[in-house]
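Paired with subunit B in one complex and with subunit C in the other, subunit A is shared by the two complexes that follow.
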Partner chain A sequence: MVTITIDGTEVQVPAGELLIKAAEDSGTYIPRFCWHRRMNPVGMCRMCLVEVEGPRGIMLTPSCTMPVNDGMVVHTKSPTVEKAQEGVLEFLLLNHPLDCPVCDKGGECPLQDQTLSHGPGESRMVEEKRHYEKPIPISDLVLLDRERCILCARCVRFSEEISGDPLIEFMDRGNAAEVNTFPDEPFASYFSGNTVQICPVGALTASAYRFRARPWDLREVASVNPLTTTGDGVTVQASQNEVLRFLGVDNDATNHGWLDDRSRFGFEWIASPDRLATPLAKSGDGHTEVSWGEALGAAAENLSAVIEAHGPGAVAAIGGARGTNEDAYALASFMRSSVGSPNLDARLDDGLGTHLLSSLAGKGEIGDLETARTVLVWAADLKEEHPVLYLRVRRAAQELGATLITVHPTATGLADRATHTVTYRPGEGHDLLDRLRAGSGDLADVRAALDEGPVVAIVGRTGLAEDPALAEAVTAFARDLPQASVLPVVRRANTYGAIDMGVAPDLLPGRVAAGGDAGHTGWEKADTSVGLDTRGILEAAADGRVKALLLVGADPLRDVPDADLAARALDAVDVVISIDCFLTDSTAKADIVLPALGFTEKEGTVTNLEGRVMKVNRIVSGPGQARADWSIIDDLAARMGRPLGFESAEAISLAIAEHAPAYGGITWFLLDWKERDGVVAPRDGVEQPLQYIPTTSLRAVGSGGAKRGGFALHLGRLLYDDAVLTRQGASIADLAPGAYAVLNPTDADRIGANGHVEVDGHRLPLRRDASLAEGTVAVPFNQPDGPPLGGSSHVDVAPGAGA
Partner chain B sequence: MSWSEESLQRADDILARYPEKRSAVMPLLYVAMREDGYLTDDGMRQVAELTGVTPAQVQSTASFYNMYKREPVGKYLVSMCTSISCFLMGADDVLHAIEDEAGIPAGEADDEIGVEHAECIGACGGAPACLVNYELIEGLTPDKAKELVAWLRSAKPDVINADEMQALFGGKTSFDWGIREERGAVGPFPAFGPFGTADVNTDALEPGRST
Partner chain C sequence: MSEQQDLFTAVANMWKGFRVTFRQMRKPRVTTQYPKEFREKPQRFHGRHVLNRYDDGMEKCIGCELCAGVCPAKCIYVRGADNPIDDPVSPGERYGYVYEINMLRCIFCALCVEACPTEAITMTHLFEMSTTNRQDAIYTKDELLVQPDGTPNHMFDEDHLADFGELAAADGWMRATSPQGRADFSGVPGWTPSAGVGLRPAEQGQSGTEPEGEDA
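Entry: the complex of A and B
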């Protein structure tokens, strides 16, 4: 710490900190346009000029490029500074169109605000301003108005420093300087929306929000991104009971203010006209609208009949990861205690072991990346599945100098920053791990890098055709690396929270292993044994052992890799009851459909991939008669004569704090008033009952799929796919690229493929990628019109007819 | 890849000089200009591909410097200085004379001749001055400038040489002790010997061509 004097007051600030930041953190706000807390300074706009006393006298200095020194004396409000600020603003306004009445930024515009507080108030400009065509679309989601741009380079720097796709740049110079893209090369970044948020004027606007509202008409609540598992801080803004905008909030622990475009613009599903607003009951081929009383009565009757005839184990539940922890706790209580069945799972056969996800001993945090020396990513392509985590890893490698190692069937989005890009054929991961552990051959360098701690390892399934046991083995290996911190990752929204709440075949609420002592649960009678996971449930349903399926925000026909199995299961069961926001492929087959409230329509908590519990809030009321999952479940339980007695989501949260050991002491009050960035469960001083330590010997948990053909299948996800929440968001619905097949050029030439290939008989456009391991075919999962390949780990590939 | 073998070879040689590929963007832009006659979108795309940066970044660099031409500029580019010294010495009249004779407004070009404004070209002592293919002529008058343009159109010189043009069309010079340069600019311009984008030494003026 050093002591500096700002406007006559001495303050203690960290040595070497930039003056603008040190001043702000100690209470003096210096105006700025180009400087941004999460990017490197450029000193381009001159708005942050202050006077600094130095050996050569007192000088006007940009505070965003000046590090503090002990004894520095700074004036931020002197007449000279004020004159400089007026001058800078007058220059910036020379060419600014001042079309504020029709500008989205009007009312929340730093240029407007700082002109009010520091500007000259009057212009001497009588000449014509420069004119450009306005606005021009620079991507599917973003428009650019060059007249408004003040050339601060925030967007340019973001795309280069943060997201690593510099498609937006300064063109020309002097008076002709403008921001633009290359002809025919749009700003097609997964992160483009962030530039709209950080642009200090209305030069970059989002097509989803243009002319939808004035900022002063918006109400807002703090919440958490519902589409990822990183727990990104968001502000949800709404007007007239409709959500209009998501903004990223700078949560130091998670997203640093950034959001991917799917998360930022994907909220449009909330107000989709296709939202379910009334309970439905099957009639003929379709459904008819019924009252809640009829729907719940029928559901209760059906479930009771199945329990009576086949025992409680014949009832199973899939889903629950799309709701809050309170919803999940209600579901777990309902299944285990009201129904008495241990067959429930929030994962859709696309996850990892629940013990690994929830209870890994010594699990890491995202923030560990800030101090990592080596980062190992052996998981799905983070850019596609965990966009914010991808940004944090990029930052570790690019700005903080960590050695980055990626292990994946192909080079990933991180390839340009990776020191080592290791690829392997799916199915050969265990052998690769053995070689890596031994550091043999060409892996000697990689192994040596892994001996440099602290190591952060991000571990997951690289693709859906991969055996989830591999991740257990990789975790076991990574845990032993020096100062290791391991993060097991899966993509589906609140999977971690749902599992922690016991929506899992082998866990009880609060990270307690099923099958053991269940005294803590407070349930009077319950089945606390180990039940079936999603795959087991579907298999049991397909061969008649499970008779009733409860789908909770789950669309197995789309989401489960083995779509065939899901279809057979749904056809075979006697009763399907679905709690959902949309009539999906799967809910369309349900006997009873119960309309659920979605995110932004209810209050509760969620848990991110670190185990960080965070509060989500309500801002709109939801469509028609839709109700929260917990309340639907509570009502259903009561009608079956096995009431749960939950009165409100908050009451459930208190039950969680009491009965879910790892969540002890985590209350809404704490999250609302004290720990607004969330708290990692368990809190200090609270013991977590299960401390899971994976072993390398585990080799056959869950599915890997059948071996059917000669090519190993890599089934990865892309950011934009055909999942219901993406499809229902108008702005992003068309961004999914559609299905294709990728081959290594050597393989493509060997089989003589050109243009198209047939993968297990499905004709797909061919792409070539030399980084893909030979003998592998990569196909993105769940694309519009994509082939159902998830049932196998190996497929046949033949040249496409008419190529 | 749309470039000729020769250009790709040239690009390889240039890339080999730099530890960071992106450092080669600027010299490679000259290769692109030589390839297409000016800087095309395809040329910039090619440079981006060779250096591992995005086309937008290449264009950003290219558009910052005005000797990277993104439009065709003809075989002879006349760059008339209109900065302060030349302006005071009548540059505007000279420029208008050039435009009239060439039939081309500043900023445009036909197949043969391009005309443009230039900022100070460092010949203030011999103002007003202009460049033809970056070869200097000082002490111009409107009449002499017309003759210069007419000569370019009729003589169609392969080699552009400053001393020759100065002798034919120039007037007062900044200094008179410069070394006589027998060689001149040929082919695509601007071009640099070290990058292999100029043909040097091969095109000395035939004796007696200049007066």
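Entry: the complex of A and C
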């Protein structure tokens, strides 16, 4: 710490801190346009000029490029500084069109605000301002108005420093300088929406928000991004009971203010006209609208009949990851206590072991990346599945100098920053791990890098055709690395929260292993044994052992990799009851459909991949008669004569704090008022009953069923796919690239493929990628009109006819 | 007290009382036979709003919502939309596709007129706005937007209750301040021509100084 004097007041600030940041943190706001807390300084806008007393007298200095020194004396409000600020603003406004009334930034514009507070009041500019065509779409989501740009380089620096796809740049010089994309190359970044948020003028605007509202129309509430598992802080803004915008909030622990475009623009499903608004009952091929009483009565009757005839084990539940922890706790209580069945799972056969995900001993935090010397990513392509985590890893490698190692069947989005890019053929991961552990051959360098701690290992399933046990083995290996912290990652929304709440076959609420002591649960009568997971449930349903299926925000026909199995299961069961926001493919087969509220329509908590519990809030009312999941489940339980007695979501949260051991002491009050960035469960002083330590000896056979062909299948997800919430958002629905097949050029030439290939008989456009391991074919999962390939780990690839 | 005195007092008191009456009898009458006759209203009378058009028929409103933002009674609801390129509604990128004023809430303060950056909303001398249900008191663009020739729509044009001679007085000269609120601009018209009205001369005497040679 050093002592500096700002405007006559002595303050203590960290040594080496930039003056503008040190001043802001100690209470003096210095106006700025180009400087951003999360990016490197550039000193372009000159707005942050302050007077610094030095050996050569008092000098005007840009405070964003000046580190503090002990004894520094700074004046931020002297007449000279004010005159400089007026001059800078007059310059910045020379070519600024002042079309504020039609500008989406008007009302929340730093240029407007600072012109009012620091500006000269009038301009001496009488000449014609420069004009450009306006606005020009530079991508599907972002519009550029070059007249308004003040050349602060925030967008340019963001795409270079933060997101790593430098697709927007300055061109020309002097008066003709402008920011633009490269010719014929759109601003097709997964993170383009962030540039809209950080643009200090209205030069970059979002097409989804174009002219939808003015800032003074908007109500806002703090919440958490519902589409990823990283727990990104967001501000949800709504007007006239419609959500219009998501803004990233700078949550130090998770997202640093950034959001990916799918999350930022993916709110449009909330107001989709296809939302379910009334309960539906099956009649003939379709559904008819019925009252809540009729729907719940019929559902309760059907479930009771199945329980009576076939026992409670014949009822199973899939889903629960799309709701809040309170919803998940109600579902777990309903299944284990009211129904008495242990067959429930929040994963859709696309996850990892529940013990690994929720209860790993010594699980890491995202913040560990800030101090890591080595980062190992043996997981899905983070850019596609965990975009914000991707940015954090990128920052560790690019800005903080960590050694980055990626292990994946192909080069990932991190390839340009990875020190070591290791590729392997899916199915050969265990052998690769053995070689890595031994440090043999070309992996000696990688092994040496892993011995330098602190190590952060991000572990997950590289693809859906991959054996989930591999991640356990990798975790076991990574845990023994020096100062290791391991983050097991899966993609879907609140999967971690749902599993922590016991929506898992082998866990009870609060990270307690099923099958053991269940005294804490508070359930009078419950089946606390180990039940079937999603795959087991679907197989049992197809065999006729499970007779009733409760789908809670789950669409197995699309989300489960083995779509064929899901279809057989849904056809075979007697009763399907679905609680969902949309009539999905699976919901359309349900006997009773109960409309549920979605995010931004209900309060609750969610848990991110670190185990961080965060509060989500309500800002709009739901469509029609839709109700919260917990309330539907509570009513259903009461009608079955086995009431749960939940009165409100907050009452459930208190029950969680009492009966879920790892969540002890985590209340809404704490999250609303004290820990706004969330709190990692378990809190200090609270015991987590299950401390899971994976063993390296696990070596299951690949989950993906039979080996059908000669090519190993890599089934990865892309950011934009055909998932229901993406499909329902108008802005992002068309961004899914569609299905294709990737082959290594060697393989493609060997089989003589050109243009198209047939993968297990499905004709797909061929892409070539030399980084893909040989003998592998990569196909993105769940793309529009994509082939159902999830049932196997190996496929046949043949050259496409007519190529 | 004698009877004569009583009588005198009574007559004196009657005179006192009727004096006002008799004096008024000799003065001209101020009562107008509304609705048969109309009184001339003050120049800056705050009557009903209109949304103006430019000379070429384009709407002046750009849907910026500044009127809604400034409205102290929160009676204005505006939503903007992208201006169709093939068939533009207003000259800019954006136009007001929803414009509603709840006349039951409006307090006729004319802050919306002051806030408007394009002189799209102004106040007229129209004042007859009684309705038989609340829904009709919410004026939408159908009622507020003037005809292409600049004539305001009026709810009672069938009944001939309005003085249509006054309808031409529906333009921005009603603003409460001189264009920039500064003496330098006294005498300089700060608004754009409107359909049916053209460019009105600048108001005089706002700033206390009369325009000098070249301005006048």
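Note that in this section the second predicted complex is superposed on the first by the 801 of 803 C-alpha atoms of A that agree within 3 Å, B and C clash if a C-alpha of one lies under 4 Å from a C-alpha of the other, contacts with A are read in each partner's own complex, and residues count from 1 in each chain.
Note that in this section contacts are C-beta pairs under 8 Å (C-beta built on N, C-alpha and C of every residue); 3 or more make two chains touch, one makes a residue touch a chain.
It should be emphasised that the depicted structure is a prediction, and the values quoted were computed from it without experimental measurement.
Engineer: Is A:182 touching anything from subunit B or subunit C once the two structures are fitted on A? First, second, both or neither.
Structural biologist: first
Engineer: Who does A:24 touch here: subunit B (first), subunit C (second), both, or neither?
Structural biologist: Neither partner.
Engineer: Touch test for A:170: subunit B only (first), subunit C only (second), both, or neither?
Structural biologist: Touch partner of A:170: subunit B, not subunit C.
Engineer: Return first, second, both or neither, reflecting whether A:217 touches subunit B, subunit C, both chains, or no partner chain.
Structural biologist: Once the two structures are laid over each other on A, A:217 reaches subunit C alone.
Engineer: Contacts for A:399 in the overlay, against subunit B (first) and subunit C (second): which applies, first, second, both or neither?
Structural biologist: Touch partners of A:399: none, neither subunit B nor subunit C.
Engineer: So, A:135: does it touch subunit B (first), subunit C (second), both, or neither?
Structural biologist: Touch status of A:135: second partner only.
Engineer: Which partner chains sit in contact with A:102 here, subunit B, subunit C, both or neither? Use first/second/both/neither.
Structural biologist: Only subunit C is touched by A:102; subunit B is not.
Engineer: Can you tell me which positions in subunit A touch subunit C when the two form their complex?
Structural biologist: Against subunit C, subunit A makes touches at 99, 101-102, 106-107, 134-135, 210-214, 216-217.
Engineer: Over in the complex, which subunit B residues touch subunit A? Could you list them?
Structural biologist: Contacts found on subunit B: 41, 44-45, 53-60, 63-64.
Engineer: Spell out the residues on subunit A that touch subunit B in their complex, using ranges where they run on.
Structural biologist: 165-173, 180-185
Engineer: Please output the residues of subunit C touching subunit A within their complex, sorted ascending.
Structural biologist: Per the touch definition, subunit C meets subunit A at residues 62-66, 68-69, 79-82, 92-94, 117-118.
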